[in-house]
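See below for the structure under consideration.
Chain naming follows the written order as A, B, C, D and E, and within any one chain the residues start at number 1.
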Amino acid sequence: MADVTLRDVRKSFGGLEIIHGVDLDIKDNEFTVFVGPSGCGKSTLLRLIAGLEDITSGEMTIDGVRVNDLPPKERGISMVFQSYALYPHMTVYDNMAFGLKLANSGKDAIDAKVREAARILQIENLLTRKPRELSGGQRQRVAIGRAIVREPKVFLFDEPLSNLDAALRVQMRIELAKLKEDLNATMVYVTHDQVEAMTLANKIVVLRAGHVEQVGSPLELYHHPRNLFVAGFIGSPKMNFIETAATGIDRDSATVQLPGGGTLTVPARSAGLAPGAPVTLGVRPEHLVAGDPGSGGGDAVMDGKVFVVERLGGETYCHVRTADGQSIVLRTGGEDTVRPGEQIRIGIPAGACHLFDRDGIALDRLERHPMADQEMPRHAHA
Amino acid sequence: QGDPGKVAISISCGSVGIEFQVCRTGVEAWAKATGHRVQLVSTPNDSNERLALYQQLLAAKSGDIDVFQIDVVWPGILANHLIDLREHIDPKMLDQHFEAIVRNDIVDDRLVAMPWFTDAGLFYYRKDLLEKYGRPLPTTWQEMTETARIIQEGERAAGNDRMWGFVFQGRAFEGLTVNALEWLDSFNAGTIVDEDGEITVNNPRAADALTLAASWVNDIAPQGVINYSEEEGRGVFQSGNAVFMRNWPYAWPLLNAEDSPVRGKVAVGQLPKGGPDGKHTATLGGWQLAVSKYSQHPEVAADLVRYLTSLEEQKRRAVVGGFNPTIDALYKDEEVLAANPFFGDLYEVFVNAVARPSRVTGVRYNQVSAEFWNAVHATLSGQTDAKTSLADLERTLDRVSRGGRW
Amino acid sequence: MTTVYDAGRATNPAARGGAASSRDSLLTRRRRRAAWLFLAPMILVLALVAGWPLLRTIYFSFTDATLYDLEYHEFIGLLNFYYLAIDPHWWRAVWNTVFFAVVSVSIETVLGMIIALTLNAHMPGRGLLRAAMLIPWAIPTVVSAQMWGWMYHDLYGVINEIFLFLGLIDQPRAWIADPALSMYAVIAVDVWKTTPFMTLLILAALQLLPGEVYEAARVDGINPVKVFFKVTLPLIKPALMVAIIFRTLDALRIFDLMYVLTGNSRATASMSVYARQQLVDFQDVGYGSAASTFLFLIIAAFTVIYITVGKVNFDQGGK
Amino acid sequence: MRSRKIVGRVLFYVLVAFIVVYTVFPFYWAIVSSLKAGSGLFQVEFWPSNPAWDNYVGVFQGQPFGRNILNSVIVAVSVVVLSLFIAVTASYSLGRVQFRGRTTLLLVVLSVSMFPQVAVLSGMFELIRWLGLYNNLLGLILSYMIFTLPFTVWVLTTFMRELPKELEEAAIVDGASSWVVITRVFLPLMGPALATTGLLAFIAAWNEFLFALSFTLSNEMRTVPVAIALITGTSQFELPWGNIMAASVIVTVPLLVLVMIFQRKIVSGLTAGAVKG
Amino acid sequence: MADVTLRDVRKSFGGLEIIHGVDLDIKDNEFTVFVGPSGCGKSTLLRLIAGLEDITSGEMTIDGVRVNDLPPKERGISMVFQSYALYPHMTVYDNMAFGLKLANSGKDAIDAKVREAARILQIENLLTRKPRELSGGQRQRVAIGRAIVREPKVFLFDEPLSNLDAALRVQMRIELAKLKEDLNATMVYVTHDQVEAMTLANKIVVLRAGHVEQVGSPLELYHHPRNLFVAGFIGSPKMNFIETAATGIDRDSATVQLPGGGTLTVPARSAGLAPGAPVTLGVRPEHLVAGDPGSGGGDAVMDGKVFVVERLGGETYCHVRTADGQSIVLRTGGEDTVRPGEQIRIGIPAGACHLFDRDGIALDRLERHPMADQEMPRHAHA
């Protein structure tokens, strides 16, 4: 029952409020990821949970116990730092055993726990090394091992993979996911990496400037972003935003003007919209369909001129300038032979479109995406 | 440990070299005779430092040292902290000593110290060079200047371009006060402050004396002489680079040491007079023994002082260490004269040595001396002429003495 | 201020000391208590060895206390300071000190800069050179004063010998006796002795400079002299200022060098030498304390100016 | 092109040579002088033709110089140990804990490090007497705190501040108290910092003159700088340059060895400390 | 005619050779990117070209002139550093003008050049600021501006975008590409970022441990990697490697065993292969086709069990364990509902496969990929 709850948690540094009243329920055994732009308060929030910072006001419980005034070690948490923060002068073994020693655990108990953690993380052969003799990935593992031996109720991670190179990051990401299955613990994880957030989280918390913008499963955020910010933040390449106006308004749909003249009727709860109101049409690069001018796909078409083509081999990003000068990105296959300078016609599937009102708030899409609300398991249990 | 009634006395008497050795032998003899224990405390040899130390100690009313070896100018400064030895010393014994020194040791009618050994400025000269140039031993400073110049030039022409005429102690320190006082007094210009506390230093004869001295620098004396203390001058003289030197008796054995280049070429005499009307003057130096007021055992300490200043002990010290006794009789003693041939000739010098005005200026002596040497130094280094320095000095001393009331 | 930590981060001064205590968590309070506990020995020792003596000195400066009888003294108000103000020797000492500080620190800065730049260059044997450069710094001041005193000797001194040989002088000079030369002689020793320290500070600053900036300058083809004046100097200026100020404060309280080299000679006596002479040699604790207090005030004023003008930030270090 | 480069190189090495001569020569001269005996001292000779150890022997005969060295070692080592001990805990508080009065305290520490020694001489003398530590090495050790302590606190505070915050936090999460953090996490990491500050404090204490002169009485209690300043020959007026030079060489050599060993660390130590400080 | 040639260029640091004889032709007006793992010598090579390091042996020319002994400023290059290396105490204007001033250009000429560069980079309004008052992207622009004003023949960039955050990196990447078109200069660019290399380069140079592994256009490297290293290094997610053996060998094809029993005939010049020789089969995640067991796609099938599913929203990475325990990644669409634990059948298109011999050298594929050899324009000229 190691759930964490935050009720109107605020944090000020020297009079300046950084966290503005966060409410959050992190359930037992859940993998929660905080994402958001740099400086939005992700780390601060994590550190508040850890007890490394005092909350300025509000209420926090871990496992049902109010922890506002508890020091870190009494909160049943352990934390993995971005820089790993291994004790440089201790061996791997001692790094892991340090906390247990301080808690006066018996020597045998310590040894058993350390060796078990080392086994799980496959670092048994490194136990006598010093941190400086380890590679980045190995250090990372030791840092996690140090967290594991404490048998915490909640694991906290602050960008644990950001110091690793790309290949290692992919590998460690998968291992972390497996670890989560093995340990069966509540985990809170901070990252600014899209992929990590999408692939690891049960629940993503999107933060902006100390506010929670949206909380939900990765695919819920992907398919049903609550506002422009979340829509732009989740997904890569970024969602295309087309500034336009709603010409026709229905209860369950809105018709918007497309650059170049066409119109598109987007199924969304548009009741609140005034006719002619400025709206933003959002559509992800991977949902757009490219064709020759004259052909078409999707529910409406838009013409434009290709100005940059980025070929990654397996896929191609096609940057298109629309008639009214807006820039749009399409993701197409690796074999696409489109060339810069060409005119192309872009097909827009209405069902994949998002509408945002003038305040940037998303209009509810008519249909929930089937994958948005169900818990999508990611790992085969061993 | 030890017998009851036998106590431990600590004494400070020099710290190094022959001085320390001789003192130790004497003290040990006393200890053996009386059964008391003695500890020798070694203190800095620089007299300024030693005084500062004594003052700190005594101000702290510390009984760490029972018997002090004090400079001839200190009785006035330290009198308050010292016991009156009259109660412990037989007056007859006191009468054996040079009267001038004994008088110096009496402050406010209290005998605060016993004379132990004496010192006075001597005039060292190169008899071989005087002979070579056919010059007599100069009797006045003016003659000395002339002779020095002749020999200096002659020697330089002969190839020793480091030859100088005269070296003395010109550094801004107590030694300069000593030297300058000799010049002043030899010109009959008084001793800065007279017996009654009157500031007499600003007089024309003093100005003459200083003007003459200032003329030596860079003429017959190296410019560096104004930063010389005893040793630097001796170095010059001993390496054969000077004709005349003013120094203490200690230089004698050194100048005649095995490896001394001037061994056997040196003679010693009285310092010249300040002109035909002047007189031969040497400033009184030397050391006394005193007992601290804060001593736990003043009686025993005084007994040690009595022993060390006795005729027998002083004789031993003169023979073994060349220390000038403060007792007239010893200057006619065969054994003493055998060891120190010039003692007999210079008896007059020691007896008539002139004291620095330390008794009358009391605790302010240090300041008076510092002001004096600074004034002299300014003149020697050519910063101000003698008249101005002396006038300034008079004003300063007036202020220091709160109008001559010391 | 509810921050548990502040390591490295600037905090808003407005919030400092606010009324936050009631909200502080157990951890914060515990840490703060521990902090004071850890500070206690230092505070105690400093109060004992610095606070108390300084207060006594200031107190004595208003009395006529003497060393041979410290206990019996009278309160004489500002009389000591009055005497101080009219004593030309004191002002001579002040002038000596200031002259000494300004000249020696200037030379040390320039020389230190040159040596630091040399040491910062890549070349074989750099470690050895650095070690050689540190020699004067490691030698006790008293010892170096003695060594130089010997070298300065007007008759046997090697300096005269060398200078004569080089034809820089035509007859031996009395370097430390001649009042016209002695101050420069003292300065030369100080320069020799403390330039290494200056060099170290500058070297440390140089090593913090971003290397890529220099490569950029190389690509731009800028000649090294220009790079020095247009890039290096502006960049190390803050560190250099700190170094200069530290050295100046140090130079203002110079004592042992002059004391050993030239004694109490008025041509070179610094304020500290003067004060000590009054205090110890002349036994005039009151007057000497007044001089000490005055010296302390000068240095304190200098420090305050430094802290305000230099905008010393205690969280970031001197910038 | 090439030749200009070569000329530049040559000029550079001439500069280097000059620096070396300037810095090393006085010490070299002291060594040379110390090896000349008797009247040989008064001849300018750049190489001692027949080196003699008389002066070195003389130093130890004339005064209790061995004892003086021992005193210096005792005092300097104790001062270093004591001030490091006090400074480590204090610098933790000053460098890593935010509390009211911290800036003031730092300011006080800074200003104490700028006290002229004479300004506290008389008060210190009283204090020493009052504590009964006159002419006692303990008195020197205590009084030296006035300059070593602010300095060590100041430098170590900058070091402390530089240590990664995460490390301490990791330890806190592991359940470490502040004391444990200092002793078991930071202290082992501050080895280089402690070496640098320790060395600087050692040099300062080893070289100190004024207090040592004022607060000791007997030759047996003196430290080396005072002993050297007051060295005398066989009689009261002799100034034995040979002995002084020998003594100077003797006391300087250990310092030089220390500096050579730590020279690299000194620079890096200052990088984190003094320059920023 | 600012081409750069390197002939057997070597570089040692203190006896240790870091660059082992590199031959390279960089053509006028070409955008060449150096990639490779950390420490492989990318920066060193760039600095050799810049003249910031002396080459130990070999021959280097820029614009036909032997530059071995020329100082940087006489090589006609300019360089943009990873840390930007702006002069911290000068304004943006002075930063850009500094080099010119010291070259004694006329005041007006300097001004004109600086303003022109500022215009190109859209930093005209920043000219009076100091570097510390700029954001990362703005600093980057100033650094480029400083390089532009020198009007060099060759631009050198050392990881110029690595200090920027993801969004800014994308934006600056596009701007750099545009700049390249505008300036018409030779550019040499170091990065460790896949996407930057693929999207910016005309020519990619893959380095490993001081050796050039392959030089070619981005798509040539993607479609025709010369060896295992290049194959694994280029493309994301990484190419799948299946250790197997060649059972049948033909001149123009080789038949290999698949895990689970099937075989696949890969069109490749296999003449050198001995029958039964161990080979590595390489196939990219995006070329594999997922299907239900029993169904199939491609030229051969392989069965496996899904053990991790990473859903990024727009696409899904499906990690599959084959019968013999090897792990394979498939890239599928965002709507894929595959679940961990499921058995799936993977279709392998023979034409997309690569074969590597026991030394890791690729067997030439029978057909050149149509996009591999032609110059693919990426930007519409304005």
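By our rule, a residue touches a chain if its C-beta (ideal position, glycine included) is under 8 Å from a C-beta of that chain, and two chains touch if they have at least 3 such contacts.
Predicted model only: the values in this text are computed from it and were never measured.
Among the inter-chain contacts, the highest number of C-beta pairs connects C-D. With chains reduced to the mean position of their C-alpha atoms, the one farthest from chain E is B.
Rounded to a whole number, the gap between the C-alpha centres of chain D and chain E is 56 angstrom.
In this assembly, the C-alpha centroid of chain B lies 39 Å from the C-alpha centroid of chain D.
In chain D, the positions touching at least two other chains are 42, 169, 172, 214. Counting partner chains per residue, chain A has residues 52, 71-72 touching two or more of them. Shared interface positions of chain B, i.e. residues touching 2 or more other chains, are given as 52, 56, 232, 235. On the chain C side of its complex with chain D, the touching residues are 1, 3-8, 11, 16-17, 27, 30-32, 34-36, 38-39, 41-43, 45-46, 48-50, 52-57, 60, 67, 70, 114-115, 118, 121, 123, 127, 129-144, 146-148, 150-151, 155-156, 158, 161, 192, 196, 200-201, 203-205, 207-208, 239, 242-243, 246, 249, 252-253, 255-256, 259-260, 271-272, 275-276, 279-280, 285, 288-289, 291-293, 295-296, 299-300, 303, 307, 312, 314-318. For chain D in complex with chain A, the residues that touch the partner chain are 164, 166-167, 169-176, 180, 184-185, 188-189.
Against chain C, the residues of chain E that register as touching in their complex are 47, 50, 52, 71-74, 77-79, 81-89, 98-99, 102-103, 146, 150. Listed in rising order, the residues of chain C touching chain B in the complex are 66-70, 89, 153-156, 172-174, 176-179, 182, 262-267, 277, 280-284. Residues of chain B touching chain C in their complex: 48, 51-52, 55-56, 58-59, 77-78, 80-81, 162, 170-173, 222-228, 232, 235-236, 241, 363-364, 366-367, 370, 374, 377-378, 381, 383.
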